[in-house]
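Beneath this line is the structure, given in structure tokens, with notes to follow.
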């Protein structure tokens, strides 16, 4: 289904070339000051068109709050937010339809939904659906900032995600230039760090903090891997190297190979995880793949302008889903009140 | 909470040094032939004591089926399975209690549960809880084998996980010997491959196949990362390299960088994912960490025998959780019947 | 939270005097023909203004389908439907605010949401929220009609609810006239009957058919009781009277005191249940209750026109929630396909 | 599925004539003192054999706590409790199998589970499964007593259910005697009252307090109806009669026709609801019903001793499910702490 979360629950809807995309946030505590403007900075970050590596589709991306806010405050009831779709050229997609685009969901969607899916621009699979997620993330961030009352004091909780590598290069400009020179799209790495997290979020096993974060992170299109702390490098280490010695009664550890989570539970140190983002499937390069109508493969090119590197758009979405998970867990663990 | 799954739902309980550990499987279709013996091969694989890198704790690990099976067949009602704990020496743990073991959940558990947790041998955090998961996995595997009736024919679905690297070495013996020589524990990589999977399992976004698998995989103690298909290497690739060209009307792709999942949905190619497993936290090496009673750090050694490389135990657990996710999705997608 | 259902899941949002009310339906199978017009007949039935006992608030109540429908067919993705609020006079409510209306949620809402609730016209508590539920019910009904393929044949499933009693009188005109004469509102009884239901829907205990129906029926404002089959009268009977003798191999019973559900499971006979609907809380009569500002009780009158008997609006809503429950259970029990 | 609850979650398993029945309680806060003895008084009340109207099956019904309790306190992890089945005579049931007992689930179970159900003594459908529910209820009651810290003070919350009528007679002895004289079973009414409930439990619509209570109440075998406050009688009333005038700033109402719930939310007044319990299906009277083997109806008698009036056993179960719902809601609304 298209929902996530127990107590801070998001539900997305809409299609890339339908009337709108949107989200409903259910469970946001009452009394949080909220206006459309609160979401604009993160929505701007998500929007393409500013830098080299992202597409120029310039929708207003203005969040229309349809419910759940009264007199500038959340009411405790569901918040539904719509984003109108304006700048859509469906014809491009109709033309391309005979060839299910490699790396995209065209083929699986057609098989799974019997041809009833809205195929225009990826339909419900489109990354445009992340607009709502970013809006919900902005609300969750506000909630975490204002609402946190852990052990009686406001925790200076900060969430920051950023691209650390493009095309294997940690000079991001250079990595991107390689793709531009190759007339190709390119992948990248994104890292997320959260500081100020209270101890005790998460459960062993199925509701571990890693489980929840990994679950929602793989909802972001193009994510292919996640690792916490030292992650894959831990597979090469000795135990004596990897173990984080506890240094004081607050649980501060000498190193942070665990990335802030032990036994599925936050340990009060910085939460650190990294994501692998694949190159944009819509590459400018000529490709060879199946033509559904002829039943044979053929060469083709995807028209239109697309992001060279979707990883560049990912950080604000990664921050959003992280904030959503943390808001959910902090409500569950009674570290955020139901009425602020 | 300690449950996972929508329609094939598992719930674990028990503590390492309590009376037993166990699991309840709710939603298993009626009419599946099932005896304790069906689970023994996988339980044997999970059990320590056979090879170099695993601990010698030799419990019988015999599954006591307490409900849900009648006349050798599942009834459609909850199947509860217990494993008695026999070989437990709690005193060891009482002695060590003043120093929360680095890498273990001792410290977070104490903070989170206010000291009420059963600390003996990790209590509910113990990898012994995976016994039930392996039993449930054996049932899910049987269900997948017998119950699959996708498009009218029995699919030869196979799930196989194996260790591909120990301590950075893909000669596993050698990697393990390094740890033995260093008197230390060591990490490893585990790969899982599923063939014969029907097209169409999973949803875009929050119920993607990757989301579900990543969610449950991080329930396995010591897992620090997961990647699908090319995974982290995809972050270094161009789009034209990474895209898997579709070759025929069955959706067979020329390459399989996607690892069998596109848009969150299985595409009929082999499902491939890899896990990073950290070195066993209980290393034989001397460590330095906090003593709770004195409030200062001190040198100490963890007594008892422990796995040198927990990755060696992981494959059967990884297969189990994979089978559990697939059984759940195939029930949801009506590819397994409710009465066999 | 504001959602219901496992596989056919509805989520409501909106406020009586906000911009709109609406609903998202997640899990509706792909390939169901659907237009706004399909919902209009039921929406008309729900709307006030036609008869003696219902209010004249005449909104268009036209369902704006925002997502999930493409080329006149459901896509398998979330269907979001909005209803704009047009005919709202908020001032009336501001004036009345000093006295929390007896029978309404004004007082509890204020206590629970710390005064952040949208109090205009009951806000999220308003029966206007049932507009979305009726729309979802119309979709569920279509799904049941077209999608049912129980044991290979289309079942002629019919759901009908009707008012059987007003003010204790089963001559409905007369019961209503009593209220008009008394210048008061009045309660009523609603009965719902479903024929053509397959055997086997529901589970023993927590997912019994009665549990699911009772759960959602109490989501309808003003419902105060539910009984199945003989219901409360069963408490006065002997077992030999109440037991329904089975007459043939199809499970047809001689009597139907069970109302079509035994052990939580449909038995193939007619499903029958009855609801008690309280009189409209907004009565034209003068009342005496607390004034929040003065802290003492005082006499007051509720302005505006309101339904004399909300039971009259209930049948279409009762049919809707029944259809929603049945669609959910039939998906769960694989009696409706995921792609039609 | 066989689970109920969000944050205080119960899962039942077992069969009447299998090895055991049991329950797992997940989400019980850490630090609640708990021993088997705490559950014995309520288990005694549930057990048959003491009075005139209940069966003499005398199992020890001693709760074997298998997990989740350490040093006499709950740990915060799942509590699994088993009850061994000792006093079972399966042969009786084998003999009776050719005639699916009217009023029992024999026929629907056979249809639904394809004959794989454990039919002995009703199997999973048996009221013996309520043993676990009563045990969980005893824990929930303790939690409510010790754990409630609403607005800083311990609320004197009390839950009491009792039989108010047998066979239409509110002289209970007399009602029962009528059944004994008629050599028949008989139905009854049960009322439940909760005082000391905080304001604000429940949500409008799908998570209303009535929805949750009605949901779980219909999980109790033999319940055929539920009404809150004035209930079915409200259908005959005028609004001016039914409305409960608020008398003071604490929300005390002059009357309590609402039964303590308005808009789905507790209003601080006494919670009152009533249940209709049908007569025991296993009546001593001769019956006429279908014989599966011959395909025709025939006269038969159910052997063995059975409760004349199951309503007599219901109160302790009704209290249990009420306590379970309240514990769940109070955790959700942060009125009970996660660590006591």
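We call the chains A, B, C and D, going by the order they appear; numbering starts again at 1 in every chain.
The rule is short, and it goes like this: a residue touches a chain if its C-beta (ideal position, glycine included) is under 8 Å from a C-beta of that chain, and two chains touch if they have at least 3 such contacts.
This is a predicted model, so every value here is computed, not measured.
*Asks:* Comparing centres built from CA atoms, which chain ends up most distant from chain C?
*Replies:* Comparing chain centres, B lies farthest from chain C.
*Asks:* Looking only at C-beta pairs that count as contacts, which pair of chains has more of them, B-D or B-C?
*Replies:* Here the pair linked by more C-beta pairs in contact is B-D.
*Asks:* Just the number, please: Cα centre separation of chain B and chain C in whole Å.
*Replies:* About 44 Å, centre to centre.
*Asks:* With centres defined as the mean C-alpha position, give me the chain C-chain D separation in Å.
*Replies:* A distance of 26 Å separates the two centres.
*Asks:* Taking the mean of the CA coordinates per chain, how far is chain B from chain D in Å?
*Replies:* Roughly 37 Å, centre to centre.
*Asks:* Multi-chain contacts in chain B: which residues touch at least two other chains?
*Replies:* Expected reply: 1-3, 12, 112, 124.
*Asks:* Any idea which chain D residues touch chain B in the complex?
*Replies:* Those in contact with chain B are residues 1-3, 9, 11-15, 18-22, 24, 26-27, 30-31, 66-68, 70, 73-80, 82, 112-114, 116-118, 123-124, 339-340.
*Asks:* For chain A, which residues count as touching chain B in their complex?
*Replies:* 1-4, 12, 100, 102-105, 107-109, 111-112, 124-125, 129, 165, 167-168, 179, 182, 184-189, 199-200, 203-208, 210-212, 214-219, 221, 223-249, 251, 253, 257-259, 262-267, 276-283, 285, 287-290, 292, 295, 297, 311
*Asks:* Touching residues of chain C toward chain B in the complex: what are they?
*Replies:* Residue list for chain C touching chain B: 6-7, 332-334, 337-338.
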